[in-house]
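Got some structures for you, see below.
Shared between the two complexes below is chain A, which pairs with chain B and chain C, respectively.
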Partner chain A sequence: MKVIKKEDLDDFVDELIAKDEREVVGVKSKDSKYVFDKLGKAEELELEYDVTILPPKKYFMPQRETLVEYETREGIEMKAVNEVVPRIIIGIHPYDLESIKQMDKVFADSPEDGNYLEKREKSILIGVNMQQFSEWSFAGSMGTATIEDGYDLMLTDLGDRYAVEIGSSKGRELLEEGSLKIRDAEPEEIEEVEKIEENIQDEFEKELDFSPRNLPWLLAEEYGDEDFWEENAEDCYSCGTCNIVCPTCYCFDVQDFNDISLEEGERMRQWDGCMLEAFAEVAGGENFREERAERYRHRFMRKGRYLYNRFGDIACVGCGRCASQCVPDIADPTNIFNKLWSDKDE
Partner chain B sequence: MNKKESPYLPENATILNVEEMAEREKLFEIELDSGDPLGHEPGQFVEVSVPGVGEAPISVSSSPTKEGNSFELCIRKVGNVTNVIHTLSEGDKIGIRGPYGEGFPVEELKGHDVIFIAGGLGIAPLRSLINYTLDRREEFEDIKILYGCRKPCELLYEDEVEEWRGLDEIDYRETVDECPDDVCWEGNVGVITTLIPGIDIDLDNSYTVVCGPPIMYQFVLQELKQKKVPDHRIYLSLERRMKCGVGKCGHCQINGKDGEFYVCQDGPVFNYDIVKDFEEAL
Partner chain C sequence: MKPEERPKVAFFDFAGCEGDQLQIANLEEKILDLLNIVEVVSFREVMTEHSDDYDVAFIEGSITDTHNEERLKEIRENAEVLVAIGACATIGGINSIRNVQNFEKVQDRVYGDKRDHYEAWEKAKPAKAVVEVDYEVHGCPIDRDEFLHVVQSLVMGREPHIPDHPVCVECKLNENVCAFERDEFCVGPVTRAGCDSCCVNEGTICWGCRGMIDNPNEEAHEEVLEEYGLTVEEVIKKFDLYFAWQKEVREDE
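After this line comes the complex of A and B, so read on.
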C-alpha cells in the first residue's frame, strides 16, 4: 500500500489530463447528483459522493455504438467497427468495480465481444472506497461494499492524504508515469484503511435479511407465485429505467442508421431493457413476455438467478440505482427479495 | 483480451434465385460470396442482413445434403427486414451471419421412424430435415409428414409437396383449416391435430419433430400425449427474437423455474422433455 497527499493527487490528475493521451474521466457533480464525465481539471473530481446517475459501464458499452459500417453503392461492403477511446476512469466505487468484473465475464464468453473487451482493456480503473452512502444502497448485504480486486488502483481517504492500493501492473505503470510524490504506507495507515473498510459494511440503510447466496434457489422456488409477481408489478410503468441505470444490465438492440445518401450508414447497438413491452416481441406480433408481471419477474430472475447460473455471479451489486430512479417505487431489490424470503415458508 | 473478428460482421452473399411460393412467402437461394458452403446442420438459422434496414433471424430451409454450395431461406414478409428482402431479386447482395444454434439431432434420429408435424411456415425449418431424410432415405426407417396450413393457397413448396404426395417411400398427409368453395382440394379439411389420430406411431422406435406457430404446439402436444408418445421422443423448433445470434443481447432468453435457455444458442431446436417445464417456452 502506498500513500499520497491530497494536493499531490490533484497535481497528478492535472498532469494526466494535460499529458496522458488517454481521456481522463471521473466523478463530477451535476445539479444535486453525480455523474462520470470528462475531467477538465482535477478540482472537478468529487471523490466523496454517494452514487452516480449512470454506472461507468457506459464507457465499455456505450448507450449507442457502431458495430458495423456499411456502404451499398456497388453491391454491399461492410466492415466491423470499434470506436475505442482509451480512458483513465477515476473514482469508481467497489460495487461498480464488481459489476465491471461481471460484465467482463459476459462479454468474454464465447464468442468474444471485441467491442466491449477492447474498450475495457484500454481503460484504467481507479477505485475509491465509499465515504457517502446512497439511502437506497445495500452493497453491505451484497458483499460489494469493499473489493479486493478488479481495480488498477484503489484509493481510500485518510483525511489529508489517500491510501493507494495497487491492483495491477497497469496501475503500477500509471503511478510510475507521473512525477508523483508517493511513499509506502506506515503500519498505522494500513490499519486505518482496514478499519475504514470494516466500518463501511455497517453504513447501509437498506439490507437483505439473508445471505444473497440464497437468491438462486429462493427465486426458483418463488418463480411460480404469480400472485406475488402480479401484485408487485401492478404499478410498473414498463419504462425500463431500472434497466438503463443498472450496472449489470447489458441487453441490447441493433439497428441500422442510414446517412442522408441512403447508400451508407452504421449498424449500431443501443441499450435495450427487458422491462420494455416489446422486448420479447417478434415480427408478426407474437410477444413472448406480454404481461407486465412476466417482465417484472424476469428482471429479478436475471439479477438473482439466471446470470448466476450462467456466469456464477449474483448480478445485483446493491448500488440501489434502480430503486432510487423508479417513479412508482417498485424496483427496490431488497423489498422484493426480503418479501420472497419471508414468504418462503408459507 | 485480444482483438478478435467481430461476431457482428456479416459475410457477403448473393441471391441466386427467387421463387414466389405464396402470398407472403418467397424462397431465396443464396450463396456466400466466399464460395464456401454455409456448413449448417438441419434446423439451424442465420441472421440475414439488409444494410440500411437491419437483420432478421431466418431458419435455413435447405438440407446440407443439397447439391452445390448454395442454401435456401423461405422468408415470410412480416417485418421491416423481410419486407425489403421480398423486393430483392437474382443477383442482389445481402449479408449473412451464422449458421447459429442447435439444430435437429440427426445422428440420434438415424435408424428410427421420423414423424414430421408442420404448421404453416413451420414447414420451412422442417424441410431442412425432411430433405435430409429423403436424400439419405436408407439411414432412416418410416417417414411420415403431416403438413397443415390455413388455406390451400398458403401451401408452401408446392412442387416438392406434389412429389411427396406421390412417393411410396413416405407417408405424406396434409390438411387445411378451411377451403374456399371454388378451390379444388383433395386433402383433409381441419386443423393439423385432426391428422394425428389417424397415424400409427411405433412408440419404441419413432421420433416426432414439430414446428409451427406458437398456438399450435399445445394442441399438437396434447394430441401426441393421447398417442402416448414419450416426451423425450419429441423435438420442437421455437421462434424467438434472436437479435444477435450469439447469446449476448438477451432477447431470445426463455425461462422456467428450473433454468433458462438462449434460443439462439441452446435452440432453436429443443427436446420437449427438456423444455416442457419451462413456463415461457410453450
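After this line comes the complex of A and C, so read on.
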C-alpha cells in the first residue's frame, strides 16, 4: 500500500489531464446528483459521493454505439466499427467494480463481444472506498461494500492523504508515470484503512434479511406466485429505468439506420431493457412476456437466479440505483427479496 | 434513384400552427437529399404551385369541422400513402385541450361574437380518427431527423423505427436528473420516446407532445402524481395538454 497527500493527488490528476493521451474521466456533480464525466481539471473530481446516475459501464458499452457502417452504391460494402477511446476512470465504488468484473465475464463468453472487450482492455479503473452512502444502497448485504480486486488502483480517504492500493501492473505503471510524490504506507495507515473498510459494512440503511446465497433457490421457489408478482407490478410503467441504470444489465437492441441518401447507413446498438414492452417481442409480433407482471418478475429472476446459474454471480451488487430512480418506487430489490423470504413458508 | 422514379409528395395543412412544415422548410442542406428521393408537388410553406397528382400526402393539423373531414377524405382517395405529421395530426395535439373544456366558452374565446359563423366540432380529432393513416411523425413540433427517417423508410417500403417505450428510457440514457427528483412533475413515463428526451435534457420536463405509448399505465401515473402532491385537477391538467383525445379513445375501449 502507498500513501499520497491530497494536494499531490490533485497535481497528479491535473498532470494526467494535461499529458496522458488517454481521456481522464471521473465523478462530477450534476445538479444534486453525480455522474461520471470528462474532467477538465482535478478540482471537478468529487470523490465523496453517494452514487452516480448511470454506472461506469457506459464507457465499455456506450448507450448508443455504431457497430457497422455500410454502403450500397456498388453492391453492399460493410465495415465493422469500434470507436475505442482509451480512458482513465477515477472514483469507482466497490459495488461498481464488482459489476464490471461480472460484465467482463458476460462479454467474454462466446460469442465474444469485441466492442466491449477492447474498450474495457484500454481502460484504467481507479476505485475509491465509499464515504457517502445512498439511502437505497444495500451493498453491505451483497458483499460489495468493499472489494479485494478488480481495480488497477484503489483509493481510501485518510483525511489529508489517500491510501493507494495497487491492483495490477497497469496501476503500478500509471503511478510510475509523471512526477508523483508517493511513499509506502506505514503500519498505522494500513490499520486505518482496514478499520475504515470494516466500518463501511455497517453504513447501509437497506439490507437483505438473509444471505444472498439463498436467492437462486428462493426465486425458483416463488416464481409461480402469480398474485405476488402482479400485486407488486401494478404500478409499473414498463419504463425500463430500473434496467438502464443497473450496472449489471447488458441487453441491447440492434437497428439499421439508412442515410437519407439511401446509399449508406449504420448499424447501431442501443441499451435495451427487459422491462420494456417490445423487448420480448419476436418477428411476427408475438410477445412472450406480454404482461407487466411477467416482465417485472423477469428482472428479479435475472438479478438473483438466471445469471448465477450461468456465470456463478448474483447479478445484483446492491447499488440501489433501480430503487432510487423508479418513479412509482416499486423496484427496490431488498423490498421484494425480503418479502419473498418472509413469505416462503406460507 | 432516378428523378422520374421519385414519389410525388404533397403537404396539406388543417388546424395547426404550421410549425411542422416550418421544420421541414428549415431542413437546410438536407432538403437537397430529400429532393433526391421525393418530388414535392405541393407545399404552401415554400411554393405557390399546387398539383393534385401526388403519391404521398403529408397531413399537418387536426380535423375540427366537417369541411376539414371531407377535404381529408378526398386527399386519402388521391394518395397512395398518407402520413400524419405533428401532434395535431397524430393525436389531436394542443387543439384537443378543448375536448375537455366547455365548448361554448372555447368558441367565445376563439371566435368572440363571430362564433355563430363557424361550424366547428366540439372536439378536435387527429387524422386517424377520420381516415386510415399509414405513417405518423410524432411531436410538437416534429423532429427533422425523424421526419427524414420516416420519409426514407416509406420510399424504401420499410417500417420506420418509431419507439413504443416511454421518454424515461432516453432520459436515463442521457443521464438526466429526473424531474421527480427535482420536485417537479413529468408525463415522460407514459409518453412515447423518440425525441431523445430533448425537453428534459434542457432542464425542463416532458409535457407529452409525442402522445402516449400504445399501452401506458395511466392509472399508476395518476396515482403517482397524486402521491407526489398534485391535486386531482392538476393531474388532469397535466394529462390533458396533449393526451385528451387519446385518453377518451382509451376510455371508450
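As a convention for this text, the second predicted complex is superposed on the first by the 346 of 346 C-alpha atoms of A that agree within 3 Å, B and C clash if a C-alpha of one lies under 4 Å from a C-alpha of the other, contacts with A are read in each partner's own complex, and residues count from 1 in each chain.
The definition used in the following text is that contacts are C-beta pairs under 8 Å (C-beta built on N, C-alpha and C of every residue); 3 or more make two chains touch, one makes a residue touch a chain.
Remember, predicted model here, so these are calculated numbers, not experimental data.
Novice: With chain A superposed, do chain B and chain C clash or fit?
Specialist: fit
Novice: After lining up the shared chain so the two structures overlap, which partner does A:237 touch, if you call chain B first and chain C second: first, second, both or neither?
Specialist: The second partner, chain C, only.
Novice: Would you sort A:328 into first (chain B), second (chain C), both or neither based on which partner it touches?
Specialist: A:328: touches chain C, not chain B.
Novice: With both complexes superposed on chain A, which partner does A:65 reach: first (chain B), second (chain C), both or neither?
Specialist: neither
Novice: Would you sort A:255 into first (chain B), second (chain C), both or neither based on which partner it touches?
Specialist: Once the two structures are laid over each other on A, A:255 reaches both partners.
Novice: Identify which of chain B and chain C touches the larger number of residues of chain A.
Specialist: Partner touching more chain A residues in the overlay: B.
Novice: Who does A:75 touch here: chain B (first), chain C (second), both, or neither?
Specialist: The answer is first: A:75 touches chain B but not chain C.
Novice: In the overlaid three-chain picture, which partner chain does A:189 touch, first (chain B) or second (chain C), both, or neither?
Specialist: neither
Novice: Pick one for A:114: touches chain B only (first), chain C only (second), both, or neither.
Specialist: A:114 sits against chain B, while chain C stays out of touch.
Novice: Considering only touches as defined above, state whether A:306 meets chain B (first), chain C (second), both or neither.
Specialist: A:306: touches chain B, not chain C.
Novice: I'd like to know which partner A:33 touches here: chain B for first, chain C for second, both or neither.
Specialist: A:33: touches chain C, not chain B.
Novice: Least CA distance chain B-chain C after superposition, rounded to whole Å?
Specialist: Checking C-alpha atoms only, chain B sits 5 Å from chain C at its nearest point.
Novice: Return the residues of chain A at which the contacts from chain B and from chain C coincide.
Specialist: 255, 258, 262
Novice: Along chain C, where are the residues that touch chain A in the complex?
Specialist: It is residues 1, 30, 33-34, 36-37, 148-149, 151-153, 155-156, 161, 164-166, 168-169, 172-178, 180-182, 188-190, 213-217, 220-221, 223-224 of chain C that touch chain A.
Novice: Enumerate the contact residues on chain A facing chain B in the complex.
Specialist: 67-68, 70-72, 75-80, 82, 106-109, 111-115, 117-118, 120-121, 220, 223-224, 250-256, 258, 262, 265, 267, 269, 272, 274, 279-284, 286, 288-289, 294, 298, 301, 306, 309-310
Novice: For a test of understanding, state which residues of chain A touch chain C in their complex under the given definition.
Specialist: Chain A residues touching chain C: 30-33, 35, 53-54, 63-64, 234-241, 244-245, 255, 257-262, 270-271, 273, 276-278, 292, 325, 327-328.
Novice: Within their complex, state which residues of chain B touch chain A.
Specialist: My answer: residues 1, 3-10, 12, 49, 51-56, 76, 78-82, 93-95, 213-214, 239-241, 243-244, 246-251, 253-260, 279-280.
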